[in-house]
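Common to both upcoming complexes is subunit A, partnered first by subunit B, then by subunit C.
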Partner chain A sequence: MFEAKVKAEIIKAMIDITSHLINEAKLNVRKDGIFLRAVDPAHVAMVDLSIKPSAFEDYRAEDIEIGVDLDKLGGIMKLASSSDVLSLKYEESTNKLVIQIGNLTRKMGLLDTAGMPDPKVPNLNLPAKVTLKASELMQGIKASEAISDHIALIATKDGFELFAEGDMDTVNLKLPKDLLMEFEVPERCKSLFSIDYFSNMIKPIKGSQPVTLYLGNDNPVKIEFDFADKNGHAFYLLAPRIESE
Partner chain B sequence: MEDWTEKYRPKSLDEVIGNKDAKNILRKWATSWNSSRPPEKKAVIIYGKPGIGKTSSAIALAKENGWIVIEMNASDARNAEKIRRIATSGALNESFGNDGSFIPSKYGRRKLIILDEADNLYERSSEVKDSSMLDKGGKKAIIDTIKKTNQPIILIANDLYELLKGSGEELRKLCIMIKFDERQIPKYEIVSLLKKICRMENIQVDVKILEMVAERCKGDVRSAIKDLQSICIGRNRVEQSTIQSIGYRDRENTVFDVLKDIFKTKDFQAIKRGYEVANESPEDFILWVSENIPLEYLDIADLARAYDRISKADLFLGRARRKRAYNLWSYAVDLMSCGVAVSKARPYAVNVRYSFPSWLREMKSSKETRDLRNSILKKIGRFCHVSARKANEFLDEVRKMSQGDIELACSLVKKLELDGDEMKYLFGERAVEVEKLLKKGAKEDKTRKLVMEQKKLF
Partner chain C sequence: MVYVRRKIYQKKLFRQEKTKVSPCLICRGTKLLCGKDRCPILVRLSFQAKVSTKINSLALEGSSPPSVFVGRIGYPKVAIGPLVPPILGDTSFIDTPEKWNDITIDRFVDFRSHLVRGRYIVDVHDVDSSNKIVEYTRELALSKYPVDSEVQFEKKPSGKISFYDHAQPHGPTAPIKELEIGNTKYEPNIEKAFYDTDLKARDAILELYKKGVLVSSIQKAFSVGAFGEKKHRKFVPTRWSITAVDSIISAELRERTKENPIINEYRVYKFERFDNRWVILMMPTSWRYELIEAWYPKTTWNPYGYDISMYNSYEFYEGRKTYAEIGGCYYAARLAINEALNRERKQAGVIVLREAHPGYILPVGVWNVRESVRSALKREYEKFDTLEEALESIRKTMDIPLERWIRNSALLKDALTQRRIEDFK
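Moving on, here comes the complex of A and B:
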C-alpha cells in the first residue's frame, strides 16, 4: 500500500539526482520514507537517496517495491509546475502508479523489480571530510570541463583543492580551510575522477546549499547533501580513474 | 517457465563445451591483465556462428577471474553516445560491483566490457541521415574506447567481415581475434550436456532423442538446449515414440531439402513443413519439381502419375492467376509436392543431384534479348497500329525483308527510331552496313540542306 500527496518539486529533485546515472530505479517504499540505491550501468557510480515522510503533505505506506522508469516519470513531472501538489497512489491490481496532477490522472505502468540488484554501501577508507557550497565547486568544474576530461580532488592540512590539467592549460581551485564550512583532514588525500560524472553529481545541488565531500587516496569520493528542506538526503559514490603508470 | 539456456549458462570456461584452443587463448589473455600494466592488446574479438558459446565464454571468463561484467547487447540502443557513456567511462574508471563492493583494479578486480553482436551495431548508427555523422558512429566509439581503456574489452560478432570493414579495419591491430568454430564442438559433448540437463530437471529422455537433437543443431548448442526444453515441456518422460509428433527445428531448409523429401518419402507433414520454410513461390516451385521428376523417377508409370499431378497443379496455378484467387495455391502446392510424392510405387535407391529449373535459367539468360524484342515489337506496333503481340506474328518477315534490302532497313530505322542494340537484333550481321549507310545518308542530307540554304541565299 502506498498513498501520498507531495509537491512536484520533491519528485523532480529525486529525478534530477538519479536520472543522469540510471534509467530505471527500484524505489523501496516503507513506513519511514522512500529509499533508493543503485549502481549505474558502467558500474562507475552509486547513488543513495532517501526522502522522509515529513517531505510529503500526506504519507501512508506499507513496505513495497516500485520499479520506475525515470525518463517516463520525468516526462510526467513536466506536466506539473514545481509548487503543484500531486497525489500518488500505487494500484496493486494492475501494478501501476496513479499520479493525479490537478484534474489530470496519469497511470504509469511499473517495471518488474525482480532483476534489479540491491547494492550495499561499501566500507571505504575516506579520512578527509570537507563541506563547502555547491556553487564554489561548480565554478571549478566549469573551468576544468573546458580543458580536460578528469580532475584531481585534493585535501591537505591547509585546505581543499580541485586541479585539472589539459595539454597546455591548467585549472586550480584552492579553498583555504577557513573558507570551508566544515574541515577535517588528518592526512593529505588525493584521487582522480571523471569530470562529466562529477559535474552531473554537483549540478542537482542548488547553488548555495552545502555539500560534503569525503576523500581518500585513489579511493572513491562520497558526495553527500540534503535536499527538500533537509527532508531528503542523498549521497553519491564515484569510483576514481584508473591511473595508468 | 525459466529459459534453460539462461539457467544452464556455463559458470566456468570448462563448462563451455568444445573450442578448447580458443578458450585457452582467452585464458592466456585474461592472465595478461593480472599485472599492474594493461597488456598490449586490450581487446579481444570473439567471432563465430550463433549459439556456440561466444557470450557464455566471455561471461565465464569474467567469473573465473572475479571480474565485474558490463554487457551491452543488441537490445540496448547502441549509438556512439551510449557506447561512450557506458563502455568508455566504464573502461576508464574503477568500479562498484552489483553488490556495491569496491575493489580497485590493482587488486585484481577488473571490469570486463562485453559488446555483444558488435557486427550488428553499425547498421544502427548508419541510420544517421547526415553522412558526415557516419564516421562518428559506433565503430569509431569502440575504437576510441579500446585505445584508451584500462579495462579488458571483448567484442562478439557473428560476421567478422562486417565488423572489420570500413573504419573497423583498425580493430585488426588493436584486438586479438579468436574464432569459435561450431565444428570444434563434438556431438558427444552436446549429448552429455543434454543428459546432464535432463538429470537436473528430473526428466527422463530417450538417449536416441538426445542424439537426434544434438545432431540436428549442427553445433548450435543454444538451439539444442532450446529444442530439448520444447520437447520436455509438460512431460517428465520422453520416449522415442512421442517425438514423431513434435515439431523440430528446420534449419536453413532449402529447396533441395524439400525436393529430397518429396522424391524420397511420402511424409506429407515433413514435405509441407519443408516447403513453408524453403520460401519458394508455387509458380517457381512447380518448375523445380517438374525439372527433377525424370531424374528421380525412372519407372514410366511413376513418371506418368507424377506429371499428371503436376499438370493438375498447373491448372490451379493458372486459375489462381487469372481469377486472382490465390487461395487456390494451396491445392496447387499439395498436388505438386505431396501429389508427386505419392506418385512413386516405391522409393528409388538412386542418388540424384537435383538441378535448377532449366526454364528459369533460360529465361534469366534470355532476359536481355527478350527485352530488346519487346521494345522493337512495341515500336512496330505503334507504327502499324497493332498490339505488340500482333506485331510478333510478322516480326520474322520484317526481319527477313530488311536483311535482304538495306534501303528498307534504313527507312525502318528512321521510321521506328530504332537504337543500336535493336538494329543489331533485327538486322543481324548486316547492322554494320545499315549503320554505315545511315551515316552516309545523314551526311548527304546535311550537304543537301547546305546546298538548299545557299540556293535560298542567292
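Moving on, here comes the complex of A and C:
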C-alpha cells in the first residue's frame, strides 16, 4: 500500500539526483520513507537517496517495491509546476502508479523490480571530511571542464583543493580551512575523478546549499547532502581514476 | 573481478597525442578544408585510375544492378540518375557490397568503373515528379533484380572513375536525355513501405532491416525518398543516405544490446582486407564503443603526411549527441558490432582499431568498414581473463605501438584508469 500527497519539487529533486546515473529505479517504499540505491551501468558511481515521510503533505505506506522509468516520470513532472501538490497512489491490481496533478490523472505503468539489484555500500577508508557550498565547488568544476576530463580532489591540513591539468593549462581552486563550513582532515588525502561524473553529482545541489565530501587516497569520494528542507538525504560514491602507481 | 595493478602505463601515456592530424582525414573530400574547389586527392585518383571503359557513344544499353546515385552538390537541386554498366544480364554483384567479401581492390575498381552514371537535375522535394527519368530512377532503386535499361545521353560520358568518401566509386558520367527501362519487380517489403505513406522513415528502415532486407538495398531506396510520411519524402544524397541508415539501425540495435547480459571475458577479433588491419576488442562492461583509425603516410586520406595520422570517435552508455568526428565509418561499424552482439544476445564494451597501411590507396566506400567489421566478428576470437593479456595480443598484431593506441583512445584510457565501485570492498 502506498498513498501520498507531495509537492512536485520533491519528486523533481529525486529525479535530478538520480537520472544522470540510471534510467530505471527501484523505490523501496516503507513506513519510514522512500529509499533508493543504485549503481550506474558502468559501475563507476553509486547513488543512495532517502525521503522522510515529513517531506510529504500526507504519507501512508506499507513495504512495497516500485519500479520506475525515471525518464517517463520526469516527463510527467513537467506537467506540474514545482509548488503543485500531487497525489500518488500505487494501484496494486494493475501495477500502476496513479499520479493526480490537479484535474489530470496520469496512470504510469511500472517496471518489474525482480531483475534490479540491491547494491551494497562498500566499506571505505575516507579519513578526510570537508563541507562547503555547492556553488563554490561548481565554479572549480566549470573551470576544469574546459581543459581536462579529470580532476584531483585534495584535502590537506590547510584546506581543500581542486586541481585540473590540461596540455597547456591548469586550474586550481584553493579553499583555506577557515572558509569551509566543516573541516576534519587528519592526514593529506588525494584522489582523481572523472569531471563528467563529478559535475553531474554537484549540479543537483542548489546554489549555496552545503555539500560534504569524504576523501581518501586513491579511493572513492563520498558526496553527501540534504534536500527537501532536510527531509531528504542523499549520497553518491564515485570510484576514482588511478593514473600512476 | 580480479583487479590487476597497471604499472606499465605511466602517467604521460594518458595525455592526448599532440601530433598533427592530416586535415584530409577529417575532410575526406567533403568539406574542402584545403580551400580548393575540388578535392585534389579524389581528382588525382580519378585521373590516375588505369581503367579503360568502353563507353564512347550517346546511347548505352545494359542491366542496372540495380543502382542509382543521388549527388549532394547544389543541394537542394541535385543530380539523380541510374548507374548502368554496358553489360546485359545478372549484374547484381556490381552493386551489392554484402557480396564483396573476397574481392581484390583491383577487381573492385574494375567492375565499379563500368558503371556509367546518368545525371538529371531535380529538386530534392520533387520525388513525385511525373518526369520519366525521375520515375524510372526511383523504380530502379526499389527493384529486387537487375533491370534492363536504355539510356540516351546529352553528350558522351566523360571522366574515368569518380571516388567518394562514403559511397562506392563509379565510372564515367553524362547528363541524361532519355531513360527507358524494362520490367521491374519491387522488393516486396520495400514496396510495402513505399506505399505506406503514414509510416515514418525510421520505422520503415527498422522494419525492413528486421525482415532481412540488405542494408545496401535499404540505403538505395532511402536515397530516392521511398520512405516516410508523404509530406516529408525527398531525395537524399547517397552519402547521407548510407550514414542515415547505418545510424538509425545501429542506434536501435544498441538499445537491444543494453538489455543483454555482459560477456564474461575479454575478446580480441582480427581481420585484414585491402591492406587494412582490423582488431576488435570486446570488454566485459556495459555498452560503450570507440572507433580508432590510424592512417599511414601515402594512404588515401593521409597523402602528404610523414607521420601516421590517428583519429577516434567514441560513445559511452548513453550514446552520442553530436555527429561522430570520424564520419560515416563510425556508424557503419556500430551497426556491424550491435548486429553481432544481438546475434549472441550479449552486451560488451567494444573498441575497433583500424590500421590503414600504404596498400590502401583508394577510398572504396563506407561499406568496407561495415563488411570488414561484420567479417571480423564472424571469425574465431581470442579469449582472455584480463585486459592486460588482451592488449598484449593487440600489441603483437598491430604495427603501431600499443602505447600510441592507448594515447589516442578514450575507452582504453578509461579502462586502464577508471576504477569501479566493486573494486572496493
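Criterion: the second predicted complex is superposed on the first by the 243 of 245 C-alpha atoms of A that agree within 3 Å, B and C clash if a C-alpha of one lies under 4 Å from a C-alpha of the other, contacts with A are read in each partner's own complex, and residues count from 1 in each chain.
Note that a contact is a pair of C-beta atoms (placed from the backbone, for glycine too) under 8 Å apart; a residue touches a chain by one contact, two chains touch by 3 or more.
Keep in mind that this is a model prediction, so the values were computed, not measured.
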item: Partner chain in contact with A:220 - subunit B first, subunit C second, else both or neither; value: both
item: Partner chain(s) touched by A:237 [first = subunit B, second = subunit C, both, neither]; value: both
item: Subunit B versus subunit C as contact partner of A:44, first or second or both or neither; value: both
item: First (subunit B), second (subunit C), both or neither touched by A:201; value: neither
item: Partner chain in contact with A:167 - subunit B first, subunit C second, else both or neither; value: second
item: Doubly contacted subunit A residues - partners subunit C and subunit B; value: 39, 41-46, 119, 122, 124, 194, 219-220, 237, 239-242, 244-245
item: Residues of subunit A touching subunit B in the complex; value: 37, 39, 41-46, 117-122, 124, 193-194, 196-197, 218-220, 237, 239-242, 244-245
item: Of all residues in subunit A, those that touch subunit C in their complex; value: 39-46, 119, 122-124, 167, 192, 194, 219-220, 237, 239-245
item: Subunit B - residues contacting subunit A, complex; value: 36-38, 68, 70, 85-87, 89-90, 92-102, 104-105, 111, 150-151
item: Touch list for subunit C against partner subunit A, complex; value: 5-7, 10-11, 14-16, 18, 258, 285-288, 316-317, 417-425
